[in-house]
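Shared between the two complexes below is chain A, which pairs with chain B and chain C, respectively.
== the complex of A and B ==
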């Protein structure tokens, strides 16, 4: 398609994106026979009819302490984002240092749920657990994206500033001032992501909407589940009305005041966690260093790697690559539906609503629903990841393409869309897709909790068997895998260093 | 470098501001996850908290948790001093906090059992001997559940002489007993293991289509849910506090309160009662 119209972006040789697109699909087709995508279900209609009934008659009064749950969801998100900013923004200034960027990409690679499960051991069911679980990966993301944004700013204003001015003033007025709107816009977008993360943390016990959502779906109370999903979509869909940037400070104060009580932090728990819980059994059982049984340490470690980490990593990568291709498919279709260049305006509202729902409903819930309908293979997870990520990318792409002015030519809307709009934003869509790929890999973890045997499955098992040392080894493997994939895909694709919202 | 240190100091300060100490050490806190119906947890268990508060004369608080492992962690970290544990989670918790005592169990928990249930397409029917479920697809309940995972896995390994991953075509963890029933009923898995009480309740409520899913085997009896009190409550809340809690639990006879668990009554229990659970957990490698 794009070769019919010369691309505006001349950085890429002609046909580059076709090659990339074809390779995504080729890889997906090659691994498809090895992936577990069997549909096993005999009577899906019973559950399907129950779900539809639930959706038709949502019960908004079934959830206890609903208002509190909503408040806490927002609180965790606001405090988490603010703390993430405080920690992450300064790091953006020194992000070029390989150690800083390496550490950040490692921290980013660990899913919020695993951060929360780790902090749970130290802080218990305290808001600290939830806030830090959001703040740490968010800080690492802020550091990277802010660094990218600041890097793109021009150096011209610096030249016009008196060279005697101190470095802070020079930097603030010469560099940051010109990209401030972009930084603000990105922060706003991350706030939406934080709301989602905050809800997801409810699945493991934080007092947010997710807590009740998971129970409702697990117990088959679809009326309650549907109501909670609707509330959640409404909260995210209306952020710009209830949380204008100016009021963020006010909300932060309210959040700190209305946050659930923080129990005192017992430092001995932290000491115990570091000095005992996360040590391999060979160290934890030995009285002194001389008594450590190195052989048992070796078997312990190799058992985890061969029995869990490697099969988990293979499943994770298979799932992520198939999900990438499916995401590509969903993105293109969903994007077309909500684009004003192709559809009449009233229809784009419907498309926008679809994108909103697609990106708000947590993947876990989507996978849960598809699991009941399609059976326990990788398929539900692939569909869930594709819908969620496809809708996020399509949403960002629609925002960009609505800013493009259509050419005044005598061609149909369809041709206009295909030969003018698509070619000009396709590189952006693809870049977004690769940014999201990192997130897809991260998110495969969540499906482990649903029983799909990714690395997340083994991590979840280790936590439920109270083997924190195993969990830590596996979490480290997951993070390293993400870092490697990130480096690899960047090298391979020579991705443009443009900063795009990655969430 | 100097700026970096300042920044770190600033971050540390922010965190320390968040961590203001406002814990009330004298509140007696407990947690409970019922084996069925997890909706309205707080509303239901705050009534139990009120009952305990009236009888014990100390402030009592209920903390809702999502999983057995979260309950064990809270117990270990002294965030709860009393917990309604499953068989396995109780054993795990008492190993992590030596000196903790199982003080009461549900009447039904003295001789608890699991059902193996199967989808009608498998053509399996109720038998006294272990059913032929080799190479079927199989779902457990939650990973840390005694009736949904530990005991079923033990009997599978006993009778089939294989780990579940080798014995079955596909192994899943539904996460919850109601889910196990729903998944086997809709054919997502062919066979599943479920807490017998959850099955009986769902059957009585008409939530099960017996043409689609039926019980094919029941496990021998084993001990399950119990109340466990943390070591050191006597120093924290006064001498004889653990005994007092035990007496109050055993005397709980308001059907509304008992229904939250749901149990018909509570009877005496000791740590020794749960040794079979520990042995089984060690045998299948869930506890080292």
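== the complex of A and C ==
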């Protein structure tokens, strides 16, 4: 019999997730003094009371082209998702190739709004701009996620299939059939995302709900703005009733028919955009390759990097890290409120409704609203990101923890929640948070368009100064930043995933 | 039909089969089969027996690997696709006989001919469930028969089975075993039931700790010897 070891020390080391949580908060505390989070608005309460009044008395008939706006919002989303599926699903099968995955992560890293700003220069306010702006990043996302989902399927059915069967049959029956429900569920979720993106494209002028929302809020028509917001939440909250997967084909046909007319593409505009506008001034001004002034090219490039890209990137990361900590806070609270293991059932309905609203309203619109309330600083962005992402993660976590059967033990709900439910789902919450972090960084960059000094601010200014070449360099920097963060957060998650699999 | 000479198999070498048990142990490879030589002739019905961990499944998967294209495998792990119906799981046995386009259409709208074939096959295997039922709704014994039906539907001349009846009652086991033996020219099967192995098969092979210890072709063996084998193994 092995002899009992005498107890050497009673130190209880921190668990992996405790360390991760602590570091998130520690980092947030360290960078907090450097962040610009003051409330600039002179009287936020006046604005708040006006907004509350608007929310109390929403005016559903104030918007002139409301029906058109809803139709166009849905149309862009449906056609964008379908096009994204057509392009992305085949890529999922060859995603393991480093070139494919590299290109996809680059395309994905550029936000829909930036895509739209680019296409706007070529197609103008044509539906093409909206559809392509959604389809391209979505295709890249579909490729990655479908690849991950298919990889999770078991290889066992393949073992029993005759090896002489062709690869298409083996793959569809043995692999894809296993994960089809997950693929469908993910597609539905992306459709929801597409609706949000489609609405947000209104902020840069596309004829979707966001356009009218921005106008209403900017003019202080809070009754109209609140009504639009409610309609939007209702549309997203009821997707499963009005858009079952079977009807998607029907909707696609309707969408194509009711789409506003696509104006002919001015090919000279396209040529000019590619051959002149997006080239650095040193190239565009030179008549031949020999005349290129390399020194001016260098100063142009280094000016953008040091003057705009680096400060923008620092602001983006600062904001994203603070938003991560805030998201953590919101997630835990919102999740607890909507969990049937902790709260009485009627209260969880209220919690669920809050989660629905929080996750339906795009962070861009939330940030816009908080910006009106609090004035331009990082604070509105942090709050908006935390509310939206916190609600998304909490929603997924609640779905998961409602599936957990309560322990057959005589302990109070509170103890049960802390000792059984939280330990079971916390790793998953953290994994989701790191996955969302990539999204937080993307969104953070875009908030620049609202006037917060992140990368998007410099991109937006370049566009309005018609310096497309500058914008292109900055967009590339943003995309690279996202790719690096993506790789980093994946590394961080590798460790616990293997340990999860073994227990 | 197949001859193996001084076969040595390791955990990591036996395809993905044994790696699952090995996670976390960090042992790169554990030998499961030692210097095993064996010849199986065309038309033989061979039962493989032995205590757990003797290397039966590893040997069987190796044999299946060498007989690729001629043999149908009914694995212990079944490998059913939970999201598909009984019909589609059984049809997977016939994938190699059709063009991929035919297979894809069949996934959406089953063909009459296959429906008839598979209904008959399921009746033969005493599987009285609606064919459109998803296999994750089935009991252990029913799932096992779906896996068996899929292997039979491959219509190969050689059948390789890894305890394909372990979840069935003894009477049904002997009825279904008869069906399997009758429909295949050669059968190689890991058997749990020693007595049935002795009575229903031409040849019985016993493995212990990765070595071939008994072969009814070389020596006459009786139930006593086998029982002894299991007992010594259990003590050790």
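In this text, the second predicted complex is superposed on the first by the 472 of 503 C-alpha atoms of A that agree within 3 Å, B and C clash if a C-alpha of one lies under 4 Å from a C-alpha of the other, contacts with A are read in each partner's own complex, and residues count from 1 in each chain.
We adopt the following convention: a residue touches a chain if its C-beta (ideal position, glycine included) is under 8 Å from a C-beta of that chain, and two chains touch if they have at least 3 such contacts.
Note that the coordinates shown come from a computational prediction; the quantities given were computed from them, not determined experimentally.
K.L.:
Label the relationship between chain B and chain C on chain A in the superposed model as either fit or clash.
P.N.:
Chain B/chain C on chain A - fit side by side.
K.L.:
In the superposed arrangement, does A:65 touch chain B (first), chain C (second), both or neither?
P.N.:
Touch partner of A:65: chain B, not chain C.
K.L.:
After the superposition on A, what does A:94 contact: first (chain B), second (chain C), both or neither?
P.N.:
first
K.L.:
Does the superposition put A:165 against chain B (first), chain C (second), both, or neither?
P.N.:
second
K.L.:
If we overlay the two complexes on their shared chain A, which of chain B and chain C does A:178 touch? Say first, second, both or neither.
P.N.:
A:178 sits against chain C, while chain B stays out of touch.
K.L.:
Rounded to the nearest 10 degrees, how wide is the angle at the Cα centre of chain A between the Cα centres of chain B and chain C?
P.N.:
Given the fit on chain A C-alpha atoms, the answer is 150 degrees.
K.L.:
On chain A, which partner's contacts cover more residues, chain B's or chain C's?
P.N.:
B
K.L.:
Using the touch definition from the top, say if A:372 reaches chain B (first), chain C (second), both or neither.
P.N.:
Once the two structures are laid over each other on A, A:372 reaches chain B alone.
K.L.:
Please give the least Cα distance, whole angstrom, that chain B and chain C reach in the superposed model.
P.N.:
When the complexes share the chain A frame, the smallest chain B-chain C C-alpha distance is 15 Å.
K.L.:
Quick one: in the complex, what on chain B touches chain A?
P.N.:
On the chain B side, the touching residues are 4, 7, 10-11, 14-15, 18-23, 37-43, 63-70, 72-74, 77-79, 92, 96, 119, 121, 137, 139, 142-144, 170, 172-176, 178-179, 182-183, 185-189, 209, 212, 286-288.
K.L.:
For a test of understanding, state which residues of chain C touch chain A in their complex under the given definition.
P.N.:
These residues of chain C touch chain A: 15-16, 23-24, 68-69, 72-75, 77-84, 88, 91-93, 95-96, 98-100, 103-104, 107, 147, 150-151, 154, 156.
K.L.:
Using the touch definition up top, name the residues of chain A that touch chain B in the complex.
P.N.:
These residues of chain A touch chain B: 40-44, 46-47, 62, 64-65, 79, 83, 86-87, 90, 94, 120-121, 124-125, 128, 131, 203-205, 207, 211, 214-216, 218-221, 224, 261-266, 269, 281, 371-372, 375-376, 449-451, 460-461, 463-466.
K.L.:
What part of chain A is in contact with chain C in the complex they form?
P.N.:
These residues of chain A touch chain C: 154-166, 168-170, 172-174, 177-181, 501-502.
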